[in-house]
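After this come two complexes, each holding chain A, first together with chain B and then together with chain C.
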Partner chain A sequence: MLVAPALVPTVAVLVAGLAAALAQSLGLVPLVGRPELSAQAYLDVRPDLLTATGLSLGIAAASSALAAGVGLLTALLVVRGAAGRRLLRFASAVPIPVPHLVGAASMGLLLSDSGLLARLVGDQGSWPALVHGPWPVAVVAAYAWKESAFVALVVAGALATRVASYEETAAVLGAGRWARFRFVTWPLVTPPLAAATAITFVYTLGSYEVAWLLGPVHPEPLPVLAQRLFTSPDLTARPQALAVAVVTAALALAATVATLAALRRTATWR
Partner chain B sequence: MTGGRRAGGQPGGRAGAVLVRGSLLLWFLLPLVPLVLWAAAERWSAPAVLPQRWGTAGWSAAAEAGAAPAFARSLLLGAAVAAIATPAGALAARALAHGLVHRSRLVSALLLAPVALPPFAVVMGLNVLLLRARVPALVGVVAVLVVAALPYTTYVLRVAYAGYDTSYEEEARLLGATPRAVWWRVRLPLLAPALAGAAFLAFLVGWSDYIVTVLIGGGRLVTYPLLIASAASGVGNEAVVAVLSLTSLLPPLALLLLAGASGLRGRGGRGRPSPAAAAAPAREVVVR
Partner chain C sequence: MTAALAVRNLGRDHGGGQAPALDGLNLDVPAGSCLALVGPSGSGKTTALRLVAGLEVPDRGDVLLDGRSVVALPPERRGVSMVFQRPLLFPHLDVLDNVAFSARVAGASRRAARAAAAPFLDLVQMGGYTTRRPGQLSGGQEQRVALARALAARPRVLLLDEAFTGLDVALREDMHELLHQLRAVLEPTVVLVTHDHAEAAALADSVAVLSGGRLLQHGDAGRIYTRPASVTVSRLLGGRNEVPGVVVGGEHRSALGRLRLPTDVAVPDGPAVLLVRQEAVVVTGPDAPGADAAGTVLAVRAAGARRALTVEVVSPGGAAVQVHAETSPGQVFTRGERVGLRLPSSAVSAVPPEDAGTEEPEIADRRTADAGRMPRTHRVASPAVPDAGVRPDAPGAPRRRNHHGDHGT
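Let's turn to the complex of A and B:
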């Protein structure tokens, strides 16, 4: 079987990882004591889990919305043959090879209260707490920066081959600028835009380092909460960490399934 | 509603367009400016907009923190992930593109599934199994990162195989080439750009990973991202963070330049777009 070298490790890691996570969260693999099936870990961690879920969903929604908007605008400008498009194409490719951790570190140096922007503005006393503050501004900025480049690339790639000729045809047939956008560009753009935004959302929901480096200290986003419980010296916190992991995985899967169902319904998706 | 006229036609529209373009350039480039400034700063205390003294203190501090061995470890990790995930992805992509797989929809969905699952969740579950089976940490890290890279390699190469015209191979066989010669002189050159793109993505997965290495390696496997994270989470390390961050961009950039150079050389000879051209948008599903 040619697919075996790829399929076997993938299925092994995913099934073993998720099954073991579920088993540990349900108290079946305790570090100390007897295995016992219970939902105690979920109940114990519930208050933190609820606020963390809200925060993580908020971060993911804000980041992917911002990334989708900026990415779409960039893609449209790059594909349209207009002045400065080569420079914009280069600039929008810059975040692509930058690791998320590096993007986060850099965003910290830009947005913290001793960061570059605060120094440029001059009044550090009134600079809001963007890093580790109550609102996860720096987290959203770091994700949106990195993912807007990703969205722009995917959308521009999907548009590049077709949009010019279709738009010319529409223009020849008398379509105005708005009509061309509404009936030519937008239908071509929606499937890749939706797919890229959904990938961004799911990734942002479950990614650790940006949220840890720049995020609010309390309440914590889901991956940060899970990691703190996982590395806690209190051994009874382990099942709670796994409960948070299971909930995060379930949310990510639900978002993926919802996107696939929505994409399948759009007629242009092949 | 002036028919087919371009946006730049009206003077008012032009000023707006310049503003939009300028903001977008700022959005993409500004976040990296502090890195460049800090990497060259010897002293840069709070209210000053530019460093008070320039110098290489950050570079020597980074070297002292163990930058060189961590850099080498991360290079090897990225190379190992690429070396395993690219051929495995190529085999799967070929089988899927040529319809050699039963239940191909299910198989493709499973191969893409790692993108939809948070790595930390899978690894936290897996950890106890790896420990009980006494799997060495390095093996565990490579295995998980290969699985994380496989969706990208499989996808990029599948698009390439879908656009791959087997009549070139048939023609070569007709002209008397052996199967070996066809493999080396027809198939491999035609797929080379896509293979390079897939390997680049897989390398990036290993090169930029943080959480998988931390969870499985338990902090003993010190890769470059671990060094960056420990510097960035402390206070007063801005210059070290900047130096480590900037240097972490060198391997991906070098690989991109290398791929660009060989791509240009290859393009001159051929009269048709490479299969990888079709994969270009997919190539950058990138770098998570």
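Let's turn to the complex of A and C:
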């Protein structure tokens, strides 16, 4: 009962929203005509859906992996009190309050073929198409920049109070630097790192604005495809948009369930 | 497995112009023996242990194991294990894997490491808990496992940093017994840090008393309690009796009368404070033969099975002094009762009085705390020594009286 105030709106929004999207994508809430259970919307959007899914999973995987790596390294350096700790702390905290759209715009100004880096290098003609090009480099970079700060924050918070004393204990038991990382720090850091990376992955998978601003024009990532179809003047494309949204939600749910299942198996979680 | 530990002129600075955390520490711990580092908080005892372990780098001095300097070696290559106040068992490993940790990081397979660890777990009577997680153990069990884990690393020196402080009294005594057994079997060189002088007495062969980062005295555990080098050491070891007086020809003269000092107490003639531990003072009937002094019971306080008495002795000249004593179990005394006091000559000692201005702040604090426990304060003019080393909770201490003006009961 005590959790009801939090649980009721969460479940209501989630269930009602998803149910409505699912129903509309399956032809149960047509704009005109009789409701009829049909997978037509999924079939209509299938070619675009497959490429968009591949692209979105690629963007999410690449940016989450980068964010995990950079975030973990930053967290370890901050927690261990490495030289330049204050600067590092500041640098790792800055991306957190910056809105995604602002971060994406900055990344665009930095990486585009008329951007700051291209100008600094001086040869704008041979500058690779990082923004809107065939490879979503700028999208991955923008997400990785923003989410690495989030990963660093979560991991540093989980480690801050414990890692130093456990590492000292390991040292006086004969563990050198590498053994301390392998047998102590890594097992301790895995659960918060996995959780933070999974959140990053799911967020990136479903996030629209950065992919829209910096991503390839074609193929489109899932959220951009869904948004384009949903706002299309052709109102019959609405079920297709919601079919894309349902697939996106299903992928996010699958990633979450897989992460939780993996976390439950780790020793520290038990 | 065991090694002699020597510390030479070891120092560690706080930085920022503060007094050093540790200054010029010299200690010798023979192989297989147990040294207790005793002192108040901030005395530098944990710093000393961390410098020996290699967890901190000294600003001066050297640490030698079997005569070879280890000060340049990282902690993992010193062969020194340490048990901390918190057990710090690795939460991702079960009990046996925790004990197997040192073998594992040394390159053994998990199976071999676990097999090598099992006897150490048996040694601390935790053999039946191999697959438990640290969170499923009690505090005492966790500390036993931590001890087994440290021993399984086969250290040349075992360091215990207030390892038993967080345990309740019964568990702590169990751990003391366990450490005795482990020492008999494995004979490790042990250095333990404690602020509990009773624990030091129970476990150690020798005791080193630190205060303000400096070593005040290092001596045999049996003797240091009855032959403290100074009033400060006596207080840090829990001694409560300080009787001001003068020494003349090997005899201490005070409000208690004339007491012959043991021949090994070498104190020059002149003002001197008589020190005798409260446990050593024998309380008798007022007219019992052999009593060194007679006085009136000012306060009776429970101290476990014993009773702690505060007895006021007034000399024929009018000088008064308070003597603390602990009675044997079964002896009953009441406030206001006349009693006799016997101070066995082997347990008394005398040291030159200390200048109150040079004492450590902790001591001053403790004194104030002691003062708060005193039921009464008696103004006494000691004709023999008007102001020699008068303890502020003893007669004629205006500063304390100002703080606690309500001593009358």
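FYI, the second predicted complex is superposed on the first by the 266 of 270 C-alpha atoms of A that agree within 3 Å, B and C clash if a C-alpha of one lies under 4 Å from a C-alpha of the other, contacts with A are read in each partner's own complex, and residues count from 1 in each chain.
Assume contacts are C-beta pairs under 8 Å (C-beta built on N, C-alpha and C of every residue); 3 or more make two chains touch, one makes a residue touch a chain.
If you're wondering where the values come from, they're calculated on a predicted model, not measured in any experiment.
Participant: Of chain B and chain C, which one touches more residues of chain A?
Facilitator: B
Participant: Kindly classify A:187 by the partners it touches after superposition: chain B alone (first), chain C alone (second), both, or neither?
Facilitator: The answer is second: A:187 touches chain C but not chain B.
Participant: Which holds for A:106: it touches chain B only (first), chain C only (second), both, or neither?
Facilitator: Touch partner of A:106: chain B, not chain C.
Participant: May I ask you to decide whether A:205 touches chain B, chain C, both, or neither, giving the answer as first, second, both or neither?
Facilitator: It touches chain B, and chain C stays clear.
Participant: Is A:137 in contact with chain B, with chain C, with both, or with neither (first, second, both, neither)?
Facilitator: neither
Participant: Of the partners chain B and chain C, which touch A:2 in the superposed model: first, second, both, neither?
Facilitator: In the superposition, A:2 touches chain B alone.
Participant: Return first, second, both or neither, reflecting whether A:176 touches chain B, chain C, both chains, or no partner chain.
Facilitator: Touch partners of A:176: chain B and chain C.
Participant: Regarding the shared-chain residue A:245, is it in contact with chain B (first), chain C (second), both, or neither?
Facilitator: After superposition on chain A, A:245 lies in contact with chain B alone.
Participant: State whether A:165 touches chain B only (first), chain C only (second), both chains, or neither.
Facilitator: Only chain C is touched by A:165; chain B is not.
Participant: After overlaying the two complexes on chain A, where does the chain B footprint on chain A coincide with the chain C footprint?
Facilitator: After superposing on chain A, chain A residues 168, 171-172, 174, 176 contact both chain B and chain C.
Participant: Give the list of chain C residues in touch with chain A in this complex.
Facilitator: 53-55, 74-77, 80-82, 84, 86, 88, 90-93, 101-102, 104-106, 133, 149-150, 153, 159
Participant: Touching residues of chain A toward chain B in the complex: what are they?
Facilitator: These residues of chain A touch chain B: 1-3, 5-7, 9-11, 13-14, 16-24, 29, 70, 73-74, 77, 80, 82-84, 87-88, 91-92, 94-110, 114-116, 119-120, 122, 124, 141-142, 145, 148-150, 153-154, 156-158, 168, 171-172, 174, 176-178, 192, 199, 202-203, 205-209, 212-213, 223, 226-227, 230, 241-242, 245-246, 248-249, 252-253, 256.
Participant: What does chain A use to touch chain C in their complex?
Facilitator: 165-166, 168-176, 179, 183-184, 187-188, 266-268, 270
Participant: Along chain B, where are the residues that touch chain A in the complex?
Facilitator: Residues 1-4, 6-8, 17, 20-21, 24-25, 27-35, 37-38, 46-49, 87-89, 91-92, 94-96, 100-101, 107, 110-111, 113-126, 128-129, 143-144, 146-147, 150, 154, 204, 207-208, 210-211, 215, 225, 228-229, 232-233, 238, 241-242, 245, 248-249, 252-253, 256, 280-282, 284-288.
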